[in-house]
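One chain, subunit A, links the two complexes that follow: it is found with subunit B in the first and with subunit C in the second.
Moving on to the complex of A and B:
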């Protein structure tokens, strides 16, 4: 366990090596949140009501903040692993006495934690000014647990796509598809509550809703029943994707061809 | 028990083959064509523990592939391999505790952080206690003369400095076997010498076996007792380095540049002039050290004019391999 903590720590240090770069990247969330606010402000204005599908403008903005924090702060491992396969540096990662997948997990956490923290603070400040204060503090734990689950699901997808580089030449298309599914069926741009009932059912039967909608929704609308529903869905999908990941890694190792040298 | 036992090792790679042009690209989408490349073909050899073994060959000979199989990263297609009693691809993690690796063309140190951070991380990964790690870092820092470099971000080090840190890092957990894949690639003469000295001293002090791949014959002369030369995935020669030197590395190449034009019928006794530059300022020649002493050649060269620059080098490995083939054919 110690070694994984050390791996987490070194990537945390690495992420903090360029504070200016990280701050600039976090600035992106200011642009997104401003655009979202304008869009939803007009929508609520036109509808002439304060509440749409059970959500106020303030709710929507904090929902979108958490969704954007997940999307912009999630690990970018798919690209990282495929680059490591392409340039051959994967050789160094595979010949150390640790579990490769837990290594990547620790790396991902070291990268995500400071980034997500900064995104939330920077974006949250703007949302507070534009739309009002965040949900009450006692609601936060109900969102925090599914947030971890969502992060782990993103990790599984990223790692699976990254490992595809063991056999495929290019993984960017897979990443593109995954991202679009998260955007649409995860409820990143519009909360799933605004979708027709049949599409909501489709979205909730896939893992993407648990990677975005789940925690973001619980953040603004704490509900114990929804919490249980989301967390159990996450556990189920983590078992499926985690199992696939372990299988893909052991199969992939047999087929790995390392470039260079 | 030998440190490394390899018998009939074979590894093939399947690569997609595509002709140039749009038509060929479309065809390859529908029906991709694959070419099978045999990187290693029935390789067999042994290495004793504590031995310094050179594993050399031109680019694409199968050296790196073999090393990657020995570390357990690649699965072979056929053959039996035992490294320190482990089957690498089945017991990769257990084996990792006892071997150190350096892939000269790839960095393992964290690029944006000082090397000391990677050293400390490796201490944790190899499960050394903190005090032990500290002592070991201090010891390696002295042996590789990197005390002043450890606190500098790796990206700011020169290639030679970085490589010394890379090799030192691979020795942190006191491995019994060191696998060095092109550790001197891209280094200048001084840096090469520096790193060779450090490796040789460490190997002697700690009785670490070293398997070194290189396409530089100089690495071999400086570090190894025995050599295996491979080409096209097969062993073409294996013997003591001293024998190889006596039989094949007796030629030297000399390149000289003068401050003034030299005589058109320039000649140095006992050497073969390979090329005289068009402006008659530079000359390239070769000679056999068994027949012509180096000092005689040097004396002749400096007598011919004012020397601006002089480089003496070993024949390239490709030539050595060609000579080995030639000799084998003559004996058949």
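Moving on to the complex of A and C:
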């Protein structure tokens, strides 16, 4: 466990070593939140009501902030792992005394944590100015736990896509489509509450809703029953995707051919 | 004319190179069409619920996506290095192009094609036809607007990434600039107030990649045409000026580079 903690710390410090670069990247959330605010401000204004589908403008902006923080802060491991598979550098990671998947998990967490923190602070400041204060502090833990679950689900998907390089020549299309499924079926750009009922049912039966809608929804509408529902859904999908990941990794190892040094 | 022949030769080489990896080329192109199509579902869901946003409807979004995706794809297909010019400058990889007797900027930009660009380009046409506003003259305007939007987009990328000559780094800023351009281009311009619209016309010229050309395709107007030509010429001139000004500051790393 100590070795993974050390890997996590190294990557955390590495991320913090370039504050200007990280701050510039955080600028993206300002662009997105500005556009979202314009869209929803006009939508609420034109509809002449304060509440749409149970959400106020303030709710929706904080929902979108958390969703964007997850999306922009999640690890981009698919591309890294697929490159390691394609150029053979995975061989240098496999002969070390650690588990490859836990190593990637430690790296991903080390990179994500400061990035997500900064995105939330930068974006949150803007949202506070535009739409009003965040949800009450005592409600935050209800969103924090599903946030970890959402991050782990993203990690599983990313690793699975990266390991797909063992069988597919190019994995980028998988990554694009996975991202768009998260956008649509995860309710990242438009909360699922605004979807037709049948589509809400479809989205909630898939893992994507637990990666975005779940934590973001709990952040603005804390509810113990919803919390239990989201967390149990996350545990179920983590078991499924985690199992698939272990299987894909062991299959990939059997296909791995290392020539020379 | 000489430069055009050179460009065509580069594009042919890029195409031949892409065809060498047919499966990757096809999977990226088809993947990108699916990616764009799935992304557009957000607007179908949104307009199914709200119908109209200050005069903008789903057909307008089809048109905006048509021009924006088409221009993004065309830029990637023909001038693929426009997306990583900053890294080329910072890593001293301009040496190779400087040593050859051709326009450095043109050569570096056209030396790479982004395979997924073909998918974006095709999706642009799919989205235009799906808008249900096809007419022969409208299609002509669509092609013309696509070319001008591509010029503005590539010029904007060159302007932003030429800052790498002074800043010594470019990756993060480029990412933000591309995201800003695409994000603002793909949203209804009627959402923004006058100041924001002015920014989208002058500082981040996203309006010239989305709303302005889309409006021109729908209904011909001399003022839109003039505005688009002015933007294309203006941003291109600024891109050429900044790149060549920066080039004077360029320092070679004397590294051995292999260009494939």
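Methods note: the second predicted complex is superposed on the first by the 256 of 261 C-alpha atoms of A that agree within 3 Å, B and C clash if a C-alpha of one lies under 4 Å from a C-alpha of the other, contacts with A are read in each partner's own complex, and residues count from 1 in each chain.
Here is the rule we go by: contacts are C-beta pairs under 8 Å (C-beta built on N, C-alpha and C of every residue); 3 or more make two chains touch, one makes a residue touch a chain.
A quick note: this is a predicted structure, and the numbers were derived from the prediction, not measured.
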| First (subunit B), second (subunit C), both or neither: which does A:169 touch? | both
| query | Thinking of the overlay built on chain A, is A:7 touched by subunit B (first), by subunit C (second), by both, or by neither? | reply | first
| task | Answer with first, second, both or neither: which of subunit B and subunit C does A:32 touch in the superposed model? | result | second
| task | Check whether A:17 is in contact with subunit B, with subunit C, with both or with neither, and answer first, second, both or neither. | result | first
| request: Return first, second, both or neither, reflecting whether A:91 touches subunit B, subunit C, both chains, or no partner chain. | output: first
| Contacts of A:254 with subunit B and subunit C, given as first, second, both or neither | first
| Taking the contacts subunit A makes with subunit B in one complex and with subunit C in the other, which residues are shared? | 169
| query | Which residues of subunit C touch subunit A in the complex? | reply | 21, 23-24, 27-28, 30-32, 34-35, 38-39, 41-42, 45-46, 48-50, 52-54, 116, 169, 171-173, 175-176, 179-180, 183-184, 187-188, 190-192, 196
| task | Sort out for me which residues of subunit A touch subunit C in the complex. | result | 21, 24-25, 27-28, 31-32, 35, 38-39, 42-43, 46-47, 168-170, 172-174, 176-177, 179-181, 183-184, 189-190, 194-196, 199
| remark: Residue positions on subunit A within touch of subunit B in the complex are 2-3, 5-7, 10, 13-14, 17-18, 87-92, 94-99, 169, 253-254, 256-258, 260-261
| query | Along subunit B, where are the residues that touch subunit A in the complex? | reply | 13, 16, 63-65, 68, 71-75, 89, 92-94, 96-97, 99, 101, 103, 105-108, 110, 112-113, 117-118, 120-121, 124-127, 153, 181-182
